[in-house]
């Protein structure tokens, strides 16, 4: 098995806010991330696909194709968007990095045409990132 | 002369939009940057101060002090904010990287306690950045 | 399970030296790292916490809290210090990257308030780093 | 167990091409990577060795020794070379990142003098990388 | 004046070789860079345009347009190419970083639709880069 | 004119301290940088040489030669050293980034065999750096 990674970047806004909680609770839990008009990040996304290289091509998956799958299923939905308002697969979900990564996994699961989806890594800032492996680990 | 740089990071939303233009013109000029709910970035700010090192300290300016000046005059106003709505010094200004950099220069001009403000560099993404030297160049 | 990482940086001195060995052996084993007055690094520390996101917050652990735990238990003890002389949890230990990482694990173990400590990654330079998972792997 | 990583960089040319396929198939599969005269990359190689720190040194493996092993067995063979023509261990192999990583594993397997070889990570560009763990995973 | 930078990356091969010199001289001058089949790099190109922000847009130049100008005039000619054989504007020129940067300047000079071309920065590796300002400095 | 840069890294300790001042003044001025046993950094040094490319080679200066000049005159003196005690050219000088950069300039001035020394950039951390151009600016 070889693990192949493709990195993509998107710029988006979000606001951390749970509408089932009071303003005070939201303020206490999410602090400056609860700013009414939101704030934003250059998110860095890494998608890992695992498999055996095809003897004909030497590829687990052609990275041009993986890129296209990521762009069509994720990037065009989230890039230059507000994650709370503009993104179908995050509707009703508090867009923490954890929840965005799970959402992205679900967008890509079943769409990988060669090898299988192994993990999603998502950097929110240079100091904060999350990693998700589906239900495996 | 030695040029001393302090780097700070802030996360903010913005929308590129000129209210004096029609929706069609805004769409054409600003494209996906004109998204109604905005989008965001991890902005990287570099502030350069020029001067001769003080013989007593060996510093042009103590970087702990420069950091404090930048945080008080800029970072606390823009970090985790929406640049179109939340920031006094950007009111009525289309928040392109160029205009944000000029606005930050004006916030810091006259506030540097040792040496003099030389330039502002502002990264919007890893591929796009601007630099401003006041009226000097 | 989602794996959440917080990155912190500290600047410290160290000297690689085993007092139970002769000067010649220290010189041979540790070479320039054995320099009498020591040398130093900007260490980059990544702390990974694993858990399920809390449905109320969407967080495995609030990264502001994780940051505070790391700063209180690690960073304030090692930042701007000499690791051989100034750090209680490294007393009598040769401060190789391996041993520092194990020491940091022990400082954080049992202190994580939500999720559980998964791993410590420690960069000594841009070319050298170590990773430690406790006794699990 | 502690996992110790050494990073090295090499600059090389390659061409993706399978001589058993027609020109049309090569063109379709490998596109611009099939350019007749080749193209190139600054490859970033990370070699991970796992083991318990030696109580005498605090090292899993002395990184100066690991560096020397990597340089002698890999870097001097691939740096400033054309991977299709100049490299004995890649003869007859289509030099995709997957195949190069497997080839590097085989060069290093059995050569690590302390601890054991755990994985090879190889960056082809800042957006594309692969990871290989031998036959373990 | 504000200085606006766009960063692009391209992957290419080259060989340093002066056909007017003997093999011995080429070997001595260019050493491993003279490898017969060439070697390669991920070149990082930064193009700087200087100007006053347009009051209507807040842009010196729309970076989507600058990107398009760079891709059309430079990137599509050099990306995934061998700089000694495939690139019209480098024909007969020894492709050192210095000469590539001058060649790129000449490709872009007169093509910038807003503001004026200020400088070209070209990274050959993470440790080596050159900068060129036309005939100005 | 083309400006050519070579980047080198060194790991060193230092302590900010002015022996002509009282302990209280040192404490107040240099705070945690005044720690008795010192602390350390991975310093990143960039040396810029300006000149016209030699028509025979296409080089302003062969970067292998520039590297050798920097290593011999600077790196071997400061790498894995304590800047206050081990470095001849910093004897009696408070090793702030400003003063180290000026000291490095003086070590290299007159030693560049092709082109002329243009500037020294020295990163102390990822957030703090200084730049020195000799007496020119």
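When the chains are written out, they are named A, B, C, D, E and F in that same order, and each has its own residue count from 1.
As a convention for this text, a residue touches a chain if its C-beta (ideal position, glycine included) is under 8 Å from a C-beta of that chain, and two chains touch if they have at least 3 such contacts.
All figures in this text were calculated on a predicted structure; none of them were measured in a lab.
Under the touch definition stated at the top, subunit A and subunit B share no contacting partner at all. Common neighbours of subunit C and subunit F, by the contact definition above: there are none. The best fit of Cα atoms from subunit B onto subunit E calls for a rotation angle of 120°, in steps of 5.
Ranking all chains by how far their C-alpha centres lie from the centre of subunit F, first place goes to A. Computed from the mean C-alpha positions, the centre of subunit B lies at a distance of 28 Å from the centre of subunit F.
A straight line joining the Cα centres of subunit B and subunit C is 34 Å long. Counting only residues that touch two or more partner chains, subunit E has 126.
The complete set of chain-chain contacts reads A-B, A-C, A-D, B-E, B-F, C-D, C-F, D-E, E-F. Looking at the complex, you find that subunit E touches subunit D at residues 9, 11-14, 32-33, 35, 37-42, 79-82, 84-86, 125-126. Note for the complex: subunit E touches subunit B at residues 1-8, 53, 56-60, 62-64. Against subunit C, the residues of subunit A that register as touching in their complex are 16, 18, 21, 29-31, 93-99, 101-102, 126-133, 137.
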